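Labels for the chains are A, B, C and D, by order of writing; each one numbers its residues from 1.
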Amino acid sequence: MVLSIEEIAKHKDESSCWVIIKNEVYDVTEFLLRHPGGPAILLNYGGRDATSAYEPIHSSDAIQRNLSPSQCLGPLKSSDARDLELQEKQRGQTKDEIRVEHAMKQRPPLSRILSLADMEDVARKVLPFSTLSFFSTGSDDEITLQENVRAFERFFFHARVMRPVSKCDPSTKILGYDSSIPVFVSGASTARLGHPLGELNITRGCGNANIIQMVCTFASISKAEIAAAALPSQHLFFQLYKTTNLDSAAKLVREAEELGYKAIFLTVDVAVISTRSRDIKNPWIIEAEEGKTQYYTEGDPDETVNMFGTSTRHASRNYPLDADMSWEVTIPWLRSITKLPIILKGIQCVEDAVLAAEMGVDGILLSNHGGRQLEYSLPPLEVLNKLRRERPDIFYKLEVYIDGGIRRGTDVIKALCLGAKAVGLGRPFMYALSAYGEAGVSKILSILNREIVTAMQLLGAASIKDLTPELVERVDWEPATHRAKL
Amino acid sequence: MVLSIEEIAKHKDESSCWVIIKNEVYDVTEFLLRHPGGPAILLNYGGRDATSAYEPIHSSDAIQRNLSPSQCLGPLKSSDARDLELQEKQRGQTKDEIRVEHAMKQRPPLSRILSLADMEDVARKVLPFSTLSFFSTGSDDEITLQENVRAFERFFFHARVMRPVSKCDPSTKILGYDSSIPVFVSGASTARLGHPLGELNITRGCGNANIIQMVCTFASISKAEIAAAALPSQHLFFQLYKTTNLDSAAKLVREAEELGYKAIFLTVDVAVISTRSRDIKNPWIIEAEEGKTQYYTEGDPDETVNMFGTSTRHASRNYPLDADMSWEVTIPWLRSITKLPIILKGIQCVEDAVLAAEMGVDGILLSNHGGRQLEYSLPPLEVLNKLRRERPDIFYKLEVYIDGGIRRGTDVIKALCLGAKAVGLGRPFMYALSAYGEAGVSKILSILNREIVTAMQLLGAASIKDLTPELVERVDWEPATHRAKL
Amino acid sequence: MVLSIEEIAKHKDESSCWVIIKNEVYDVTEFLLRHPGGPAILLNYGGRDATSAYEPIHSSDAIQRNLSPSQCLGPLKSSDARDLELQEKQRGQTKDEIRVEHAMKQRPPLSRILSLADMEDVARKVLPFSTLSFFSTGSDDEITLQENVRAFERFFFHARVMRPVSKCDPSTKILGYDSSIPVFVSGASTARLGHPLGELNITRGCGNANIIQMVCTFASISKAEIAAAALPSQHLFFQLYKTTNLDSAAKLVREAEELGYKAIFLTVDVAVISTRSRDIKNPWIIEAEEGKTQYYTEGDPDETVNMFGTSTRHASRNYPLDADMSWEVTIPWLRSITKLPIILKGIQCVEDAVLAAEMGVDGILLSNHGGRQLEYSLPPLEVLNKLRRERPDIFYKLEVYIDGGIRRGTDVIKALCLGAKAVGLGRPFMYALSAYGEAGVSKILSILNREIVTAMQLLGAASIKDLTPELVERVDWEPATHRAKL
Amino acid sequence: MVLSIEEIAKHKDESSCWVIIKNEVYDVTEFLLRHPGGPAILLNYGGRDATSAYEPIHSSDAIQRNLSPSQCLGPLKSSDARDLELQEKQRGQTKDEIRVEHAMKQRPPLSRILSLADMEDVARKVLPFSTLSFFSTGSDDEITLQENVRAFERFFFHARVMRPVSKCDPSTKILGYDSSIPVFVSGASTARLGHPLGELNITRGCGNANIIQMVCTFASISKAEIAAAALPSQHLFFQLYKTTNLDSAAKLVREAEELGYKAIFLTVDVAVISTRSRDIKNPWIIEAEEGKTQYYTEGDPDETVNMFGTSTRHASRNYPLDADMSWEVTIPWLRSITKLPIILKGIQCVEDAVLAAEMGVDGILLSNHGGRQLEYSLPPLEVLNKLRRERPDIFYKLEVYIDGGIRRGTDVIKALCLGAKAVGLGRPFMYALSAYGEAGVSKILSILNREIVTAMQLLGAASIKDLTPELVERVDWEPATHRAKL
């Protein structure tokens, strides 16, 4: 059935809601209440073309996973499709689009990116304002976001000299899998907001560098496509956001296992989603720039804003995250449906690290979700340091990782000295792929490799096993800081 | 007796002083020396209309409480009343009034207020400069004002994960009375400086949200009116400033008890009033803006400025606060005149908390009067933390509250983890009602509710009793700070 | 002998050097090498009028103390004297003089000075740049200058409530002499640089307020004149800078004793004079303002600058301070020449406080010379706190005072809680008299009185003896700071 | 053989590469791969005049040390030499050269340089931008660079008074050799970038002041020339960068010994060279100033930048530093080839200090290479303090020095109180000679002398042995800081 713009336009509310995506027409009436992002945004595109909004934030298999064949109504009339294309072309650019286009032309050559901070500088210039807000935001006042980074500044080295280090080997194993440096990609969603190829940039960059990628439930490229893009020798982990729907959750895990993913990282720090003000306020800033500021009038109803900003793209009342997970129930359930190693992502204190060891999980990722969840959660490096001081035995019982705030090779080394098996980075990969695609990902991996090796050599460490707690000291003064941006 | 402007104008000094208030004429000659604000300000309006100055800072029953019927001389001649009205209309607006009027039009919709800081931002823009000074000032250099807030930044969380929190209940009991969240309104005076309905905005907002309001002796709405405006299910506390006049003090307490107030919060941190420089200097800034700066000339007598600025509105030599209260005399006296629970508001150290418990009072409010009294008084959160470390037994003997510096749901949670039964907020309510009246009050209560629930869930706490000391840590570094304003 | 300008002009070098001061001519040839300020500055005025440079920095008895009658050559010819006067009038004002004259007219009324900081603000505006540099400078990078002030910010109060304080008495005794508040004037030199009446402003202001003044060896008013200006009930202390010339030193002490001074404060922290860069650099800034900057040319001899700036006005190679004082010799010597109590001014560590007690001196003034001597000397409040913790017995053996950085009544109270008998202030008095003369001195004493009483009442202290160590706590965080200026 | 520009121009690549230096022609084809700075920069000058690039960064004996006689082809044709000279003259000045020329004329007279900071201010104005970058840079984010300086700000004095100090003697012995103050020149390379006479300025300034100079392997003046310029009474140390070529390393040591150098300082903190971003980025800033910014184009190969900036001038793959030194092999080897005392330069922790003592070396220089090597290496003063607390016995077993961050006499005194025998300064000498040549070097030595003596006198120390640990305290607060620049 070929459908016309006129016909489609009639189906724009809860009674009947159709949308056009890439010149195909879909009936989403029934789906409205199941839409992870909530019905409102879908209704906003009811009866018209939703392609530009849909594309960057859905994985390629989103439609077939969610709609039945009967809900796929058929193609848009081809003359109408041409009209749509023309309209899109004629639509004027927004101020922000103009700014981005200009900034893309002024990117420095890759050879001039010397550090992850340099890469972030470029990304901050070339990213659309809304995407930058989404990538860079933290919760509440972004204290934890900042403290994650600042924690590393408190740890100094006791460098050892006169040790043979010309043959310095930074490689290690993570859950038994080779990794060229003790670094992996921590899960982050919706990379296509930053680059059309989304998470595939990471997959390809990591394949070349022999680095493990953790793929998020809410990746904007399906985990199958990512698996397909990976090299035969390349390893992937799967980051699970568990929903209350057990079947649906189990299906995700089994798919990952079948696709060859090597571990399940169960997200445990998102019982609910925190308020990320920067992300919420961003559209109002854009609005003000365009001279459309709204004002209060007496008696205004307080139509409470969606508190979760761009985050609702992947979780909302319609995609219920399980806020009732428990040690007693959730872990045995997960063990029962997969043979893969289970790692808890989002452990935030020593007590839970100990519990995790007692429950026999394979690893824990000390993380506060990059400062995007509980404000004033202790920085992961501080939790790691406490674990080292209070329960050094735990490091023999499971693998301990951290993520959050790592920006330099010296940061990596500090975590490893304190007992981390490896460290995860999230935002830096989003920035790198947004700025230069796959080449950006390769670049920051190469920078990290260089920085790690240099730091090891100057510390007198020829291999990862030489990185011991005695090499670091948590100083009791307030160190100089250089990191203005986060 | 109908009186004319001409006649009234003759009575303008200590020998005979009449004033017009809302077109009624009063003889305040005898009252001059009893006026809580001192005689000078009254004399300033001697022989003329005092309505605009009188209105916002007196409760509606102020006249009948203070003047005898014979001192109420009768109405102003109606043609003169019309003239007054006309004059008031024709008087040009001051620069500050123009600024305020403009700012009121540019308030954002309530849905864009995401935090108490956002609300304060609006209030700072729409409040008259003098009222803002009075509301926001602290004593001396405002160190304690700042430290109250900064204290919260030193406490971080040990979040627990994998605990069922979908059904999170933030409600509690305060002195046995239900409260939807562990928050109450701490006493603050003269709300009508910020909004014509004054404290009633709080009463109504709290009624809807099931929050307890503490009503100040110096509220600009009488405690009877407030009681009348409350819902049947709603609870009120009374904040007593004890004067040296025992009868007058006892009368206030008995009135409160009869009006159904549920507790007496005895103010103990105002033996005398501290110097609040910002409030004192404010008129000089206004003066300078209007090009009327005064200069020193040799031999100038130093006519010492009123050191207490706007504060004299409610306390001065003519309204003597009792600077000689004592544990041995004052508490038994108060017990003897009321059956209500007695809470000491303004405890500032562990030693006095212990004394209070030994004296058998029902509760203590750890407070330094919002940084408006003793400069360099320890922040209440620090006192709470010391009490928790040094005398955890005290929490079983009486209820402990704190106020001062609380601006976020996480702040509330920190105090509760350390043992506070509930926390009080003062200035945030003044800002909220000044910016949006009752709707503003409702808004910040709704924000606090959301922030408290989110923080509890992410901490792994399903109810208030799950908030334990182990969940917080006082860090030993200087955390990032975001709070530029106070 | 009446002398003419022409005749005098011939005597302008080492072979014969005459100067005119207040129309009298003096032969200073022999005196050149004895001049405390060194010969260079005297030679600069050789053969001409030196009155304007001489006046503000010499006490009125300087000439008769230093020159023999035969060196006083006689009066200047009266027509020449008139010419000089005319020239002085016609000399154009410098930029700085114009600035000062303008600033003097814009001083606020005294009633608007609410704090010592407000007073300093005025002084900084009305003082000639060179005098401000001299008064405000510290040594090297002025770290100790700043830390003296900042130390007070680390001490917070444990306020006690419910204590009768309506009758609060801030008076005390210093070495047995009454003082209306626990404050005295610490020695500072050359007050006439700030006001023509110099130290007499302090004498008169203190007389009225019953405060003890310490008079410096290098005061710009003679100690006899100061004694003469004092009220019968008023007490004075003498600050001795001991020279290597024992007779000369003993003479100063005996004179003080005969004039009724009540104690000798022996300066022990000026073995040599430290480098005070701001004071040295000041003339170059003036020079640059006037477009007379000097540049280096290759081969320039490095004519080393006088490292001690304005300080050489009172001490140099020609006025040898005793750098070889010792506990064993100096204290017995001083005891042998006076019956007055002996206090060591400039004790900087616990060890020397203990030694002083063992040597039986009557008191110690913990001081680092207001940050003008040893850079990185520990702030006096910190030394006091250490003394309290480590050797509380010392406070029973002698009186302990501190000076340096005290600007608020709460600062005074903190020092007293820790055991100081009284505190000295130096710069605040120089600023006060520079801004308003005697009225300024009275004003800051009245401010201090008010601040001390208010702080005592809010602390629950009705008298000085109630100020105990338990009332203060040295906090372990970095407090907010408000004091931008020093 | 006389050669023409035309002939030479043909030899410009790897197959045959000739360069002109000071009108002599050299065949560097064979040398390309041995060139310490790598082949690229040599090829850049292939076939043409390289004098201006060669001169400032090579010692005078560089050619005869590296090229065989047959590689010295002969003189440039004299008419061509004149042409070259003319061209050089006609070449327009760059913006930076113009700025420098102007700044040189505006240097203040030496008498106005009061501190090492003043000297650095001048140097920062008169140095070419690229040289300033090279001299002032640190590694990564320059945290360690800053912390080295800030460490001194945490140590305060317990000054002792009433001790005879008029005869204060700051002289000491270093490895048995007299030194007028406990200061030596720490090795730094390539002084000719700052002044045509390079390190000779230091040699001459130190000779006059009786200060020991450490001469770097990479000095831009040969160690023979420096030895020749030294006074008979003057002492020199040699700083060895050990290459993997044992013969070459041994030759350097023997030459030094034969030239009369008194000790070998073996560099142990440069297993590899760290990334010094400021130095690397500097040319891009110059480029941008000249409007020649480069941009990224899709598919650009990432020609990785030389990570070591100006540093490659003295170390690279072609001049292999020994990254495999060890306690067991290297120290015995060094002992076997020289009788000179051996000092390890670059010890960064207590453990290695202890090892050094056990290995019997004669001294250790606690240093992190001025913040140019391992980022987050602990500041040397902190290492010294730890050594003092944990292993005070070590100070009796070998001499301990520190360098890094010393800018004031009080810094020197702090290090000596904690047990350092002497302290090294590096950058200050580079700044001094860049600003004023030898006169600058003399000036800062004279400033240090004055500051050290003043501090000793005010501390109550008449000689170096009086500087004991009790005189310093490491404070637990964050001190005021004055040092904006590094």
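In this section, a contact is a pair of C-beta atoms (placed from the backbone, for glycine too) under 8 Å apart; a residue touches a chain by one contact, two chains touch by 3 or more.
This structure is a prediction, so every number in the text was calculated from the model and none was measured.
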Required steps from subunit B to subunit C (each step between touching chains, minimum): 1
Taking all residue numbers at the subunit A/subunit D interface, are over half used by both copies (same) or under half (different)? different
Rotation angle, subunit C onto subunit D: superpose the C-alpha atoms of these two copies and give the value as a multiple of 5 degrees. 90
With chain centres taken as the means of their Cα atoms, state the distance from subunit A to subunit D in Å. 45
Subunit B to subunit D: how many Å between their CA centres? 64
Identify all positions of subunit A at which a residue touches two or more other chains, and write them in rising order. 476, 478
Pairwise, the chains that touch are A-B, A-D, B-C, C-D
Parts of subunit D lying in touch with subunit C, wherever the complex brings them together: 105-112, 114-115, 117, 153, 155-166, 408, 410, 414, 436, 439, 442-443, 446, 450-451, 454-455, 457-460, 470, 473, 475-483
In their shared complex, subunit B is touched by residues of subunit A numbered 140-143, 146-147, 150, 154, 268-269, 271-272, 274-275, 277, 280-281, 284, 294-296, 300, 302-305, 307, 323-327, 330-331, 344, 346-352, 355, 368, 373-378, 382, 476, 478
